[in-house]
Amino acid sequence: MTAIPPSVPKMQYRYLGRSGLQVSAISIGGWLTYGGYIENEKTFACMKAAYDCGINFFDCAEGYGGGESEKVMGEVIKKFEWKRNDLVISTKIFWGQANGDMPVNNSGLSRKHIIEGVDLSLKRLQLDYVDLIYAHRPDKNTPIEETVRAFNHIINTGKAFYWGTSEWSAHEIAKAYSIADKLGLIPPVMEQPGYHLLRRDRVEREYAPLYEEYGLGLTTYSPLYIGILTGKYNDGIPQDSRIGLGKDPYVQQVGRTLHDPEFVAELEKVKKLKTVAEKLGCNQTLLALAWVLSNKNVSSMITGASRPEQIYENVRALDILPKLDTTVLKEIDDILQNKPQEVSG
Amino acid sequence: MTAIPPSVPKMQYRYLGRSGLQVSAISIGGWLTYGGYIENEKTFACMKAAYDCGINFFDCAEGYGGGESEKVMGEVIKKFEWKRNDLVISTKIFWGQANGDMPVNNSGLSRKHIIEGVDLSLKRLQLDYVDLIYAHRPDKNTPIEETVRAFNHIINTGKAFYWGTSEWSAHEIAKAYSIADKLGLIPPVMEQPGYHLLRRDRVEREYAPLYEEYGLGLTTYSPLYIGILTGKYNDGIPQDSRIGLGKDPYVQQVGRTLHDPEFVAELEKVKKLKTVAEKLGCNQTLLALAWVLSNKNVSSMITGASRPEQIYENVRALDILPKLDTTVLKEIDDILQNKPQEVSG
Amino acid sequence: MTAIPPSVPKMQYRYLGRSGLQVSAISIGGWLTYGGYIENEKTFACMKAAYDCGINFFDCAEGYGGGESEKVMGEVIKKFEWKRNDLVISTKIFWGQANGDMPVNNSGLSRKHIIEGVDLSLKRLQLDYVDLIYAHRPDKNTPIEETVRAFNHIINTGKAFYWGTSEWSAHEIAKAYSIADKLGLIPPVMEQPGYHLLRRDRVEREYAPLYEEYGLGLTTYSPLYIGILTGKYNDGIPQDSRIGLGKDPYVQQVGRTLHDPEFVAELEKVKKLKTVAEKLGCNQTLLALAWVLSNKNVSSMITGASRPEQIYENVRALDILPKLDTTVLKEIDDILQNKPQEVSG
Amino acid sequence: MTAIPPSVPKMQYRYLGRSGLQVSAISIGGWLTYGGYIENEKTFACMKAAYDCGINFFDCAEGYGGGESEKVMGEVIKKFEWKRNDLVISTKIFWGQANGDMPVNNSGLSRKHIIEGVDLSLKRLQLDYVDLIYAHRPDKNTPIEETVRAFNHIINTGKAFYWGTSEWSAHEIAKAYSIADKLGLIPPVMEQPGYHLLRRDRVEREYAPLYEEYGLGLTTYSPLYIGILTGKYNDGIPQDSRIGLGKDPYVQQVGRTLHDPEFVAELEKVKKLKTVAEKLGCNQTLLALAWVLSNKNVSSMITGASRPEQIYENVRALDILPKLDTTVLKEIDDILQNKPQEVSG
């Protein structure tokens, strides 16, 4: 098929936390686009481009597009006849409402939903197992022990190799580790938090003790903060943009509008990053992506794309990464004024 | 099919004890009727009505109708093409005599009977798994460790998600928890006791320490005490009633007759509840049902029904429930004089 | 088919040690006859007679007739369409030489042979599982931990419900319990020793601490001591008897001949038991059988038979059993002079 | 087929460390030849000769010939209709690059690669399980706990009976034991080190504490040190030999040339062993083979062969073995001057 442009740098692989699994530093997630916003042909082209760039980690969830994201991923793997062992496929359990007609038991982290949800996800993916299975959010109504036992069961029955969490608090993650340790079960190995230039606290401060103590790895999402960090709103937010339209589910979820003075202040800071990017000879998108990768606790940065060219472009962040030395990082910190304070022992 | 009447209130869901599973506050059990006393067409209609009312929990047992109850339940699920993940299906192991021709090993809680019994029940139900599996009674002749290991095996092999007990003593339940804890196995999560206005001691006093300590949930049966609490015997027991005929197996089991002065005294108390029901604008049946639900440790109240209308009627207990404030509950306690003494530490 | 004679008493069932499994007090073993010495038609008739008498426990071993015993048992179950859950089927692993052509790994208690041996036995039996799996002898060359783990694996994979030993020393059994306890695995539940009027020490003295402490159950074999206890040699051993011919593999194994003065003395004692039997109104065979059953630690006494009539006759031991009061037992002890001394704490 | 020459001695079997598995003292490994250097017909003949000599252990690896070695082994087993239970088949996981197209996750000891690698190996071998599964090397990038759990999973899912290591340090092996012990999992049982007259330190000194403490068994490879110990280079290394050509992958790996003075010194010592061999009435090859077998911690010595005659010849080492008394062994030590110092407590 289409060859990848020669200017695309070689993919970098990182261990998923302290595990023996390697994931591409840049990966592809389907939560805004695949199976939903863009058509299948385009999706196939994007996945092919990603694979050709050396991306091996593809991130799904039962909740993305009501399961459509998983179905498309399954079609892609089948279509290109990729070897299963070459791929790291994930899915996440929490929002499986589309699986059923009853108002209960198709979401959350009960043993019932984890096992039934994984089985339905695997059917949509046309796979026997995923590599990574995530708890997509914490579930205050299910004891963590029930959830730890259920994910351990998923791994024991061969339906996944590793399990982790997404947007759990450090306290909840530590509790899962301690329950697994007490019962001799398999502990979680990764977290999937949102992480970008304007959201640093959880990854850099709250989770800090977990990296060394438990070997926690991160697969981060939202590196461009729904497009804000590309700098495309430097001159104001157009009415027909995702943010302007206010229709995007994620935008609605974060619930930020131009009436929010804190949000307006953030947009001002973003504008100032343009100078930094220009000094490094790149645009703000690549600066934002490279910055996420400069955090050594990030095992993989999940990106989205609706065209192959976007993927080729994003992978170029690996060329910018070596330029982010302590001076540049300090300059960014000074502009953003959001570097978390170190936790004293 | 038939739409449910607009007056039927919205179903309420409760967590099964401290687990992450949600069950409808009102559920359907088949032990007196389905697969036995009434014909299949009626059963299908009842199940459909229950499902349409939002009832998601259907309770079976290998011993109900010698397995017929499970067979009908299996037919119902198939007929209406309900999604498996929308349903909470249970069965219970203890009285599997109908499974075999030999006088031994088809009942009780041996590893052999639990595993063989579950397999035969699943075959009758045409299911790969039940959600809940119960020990239908304690078995003095089998070590609790053997039973705990066997139910843990059932869960590990994917044939059930949760296990529990029915009419075990608090001491036996605590012993099962402690064995599971010592061996790192999955502990029981629910009990199925008989519970109604005239039988309060076990649920309100004996089990009291288990709710907080182990997160025990209850799925109670017999809310109307074989019809007695409907008030239909306020003017005496007719010869052709289930009690009058003395033929009903459950009636024979409880073994109470009008020659028993304690039983006669109970009937007198039931008569007095009529005034309370009238004040709340309902009949005695709804008062008795709402009263069971007013106990927050009841996860689900199992009811029986031989006509869809009965189900619609029973669900109306959810409308009465908010009216059962402390004053009303005190009034009932004063009439019944059977509120268990609190256990002092 | 043939009805059992009305004079055959009702079968008695006993719990297998402290487990929840019930076995007929009298059971059938195939090690001398089935699949070997007598033809299949006779075997079918014997098994049918046993089943009709209420015998539910049929004992096999991979080593009996080089697997032929298991094959016949499988044919019998299929032929009579007995329900699997009505039967307690056992087999034993140790002498599986007939499974292979190489001189090693087809015998003993290695993980390899236990797993492969059980799979081959199940194939011969045409069954998915046996109820009981035994280590047919101790294996000095395999660590007991390897054996305990392997039998636990057999149970976890659904190929057996309980495991036990045969002719292990009390010390070896205790070690297996202690390893299972330390690792949280399933401990052995039964032993299969030879036990009869002339061999009492192991069962009555050596194993004594195990019954109470671990709930050990016994399935004993050889109640008639290769026919000696029937009294048929009271007047001397004929040349054409199994003993006289010296061809029987078991006789060769015990290696006793009329040149052995101890053996001759034993035969003298047996002669004296005739008076006891006559006082009870039975023959010496029934006395010997009833005597084994009078030991409450015997869960099941395994017998052999080559004709249905023998089974009907043997079951009559249950009629003699109540007559074995302390006086009669004392009388027997006085004749045999072999009652083991009680072990002092 | 071809009968084995009458002069070939009877095979000797040894327990694999403290396990209950028996392996032939001499075994066949396919890493240099099978599936690679020699054609299939010759391989079939070699395997047949080995089996006929009583060799029951055949050693493979996913990395041998990029999986070709396993495919040929699978063909052999099928062709000769050997009984699975008669064979001890091994494979090793670490170098599975040939399994995939991506640069990561097809090698090393991650849970993903161990499980996927074993499944692909079993497919190539056309087997349901191997007897022995090895970690072909230590993997510094994967926590030993992840590897121990993964091999335990392989055994629990019936895909192997025992697991071990190859060329792990004593410290790494001890760590694997201690993790298995803490978690109650199955510990490793064997190591596969290179071991021959010129490489003694690891087997005789480094591993010394492991034999007694953990019951470690050895399956050693390279007894002839790529042919050097046959004495065929006593008169110099020919240009067209494997060493002279410098093409052999293993030779390249050990990277030794005639410019290396230490290597030249070793060749000198080898020359002197000729006298010892002559005194024992054999050639240097048989001396070298018998010497490996004289170490009682060696459970099996893996040899290679490209012709049946080589196998018959190698097995004759069993005839030389008894001649290696302390005097002869001392004489060899004096020539080689490489006997490791005993470790003092």
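So that you can tell them apart, the chains are marked A, B, C and D in the order they are listed, and the count of residues begins at 1 in each.
We take it that contacts are C-beta pairs under 8 Å (C-beta built on N, C-alpha and C of every residue); 3 or more make two chains touch, one makes a residue touch a chain.
Note that the coordinates shown come from a computational prediction; the quantities given were computed from them, not determined experimentally.
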item	value
If a chain touches subunit B and subunit C alike, it appears here	none
Superposition of subunit C upon subunit D: rotation angle, C-alpha, nearest 5 degrees	90
Centroid-based (C-alpha) most distant chain relative to subunit B	D
Shared interface numbering between subunit D and subunit A [over half = same, under half = different]	different
Averaged-CA centre spacing for the pair subunit B and subunit A, given as whole angstrom	45
Inter-chain centre distance, subunit A versus subunit C - centres from mean C-alpha coordinates, in Å	63
Residue numbers of subunit C (touch at least two other chains)	156, 184
Topology of the chain contact graph, where touching chains are joined (line, ring, star, complete, other)	ring
Interchain pairs in contact, sorted by label	A-B, A-D, B-C, C-D
For the subunit C and subunit D complex, residues of the former touching the latter	96, 99-106, 108-113, 115-117, 120, 139, 141-143, 146-147, 149, 153, 156-157, 183-184
Touching residues (chain side subunit D, partner subunit C) in the complex	13, 15, 18-22, 54, 56, 82-88, 131, 156, 158, 161-162, 184, 186, 215
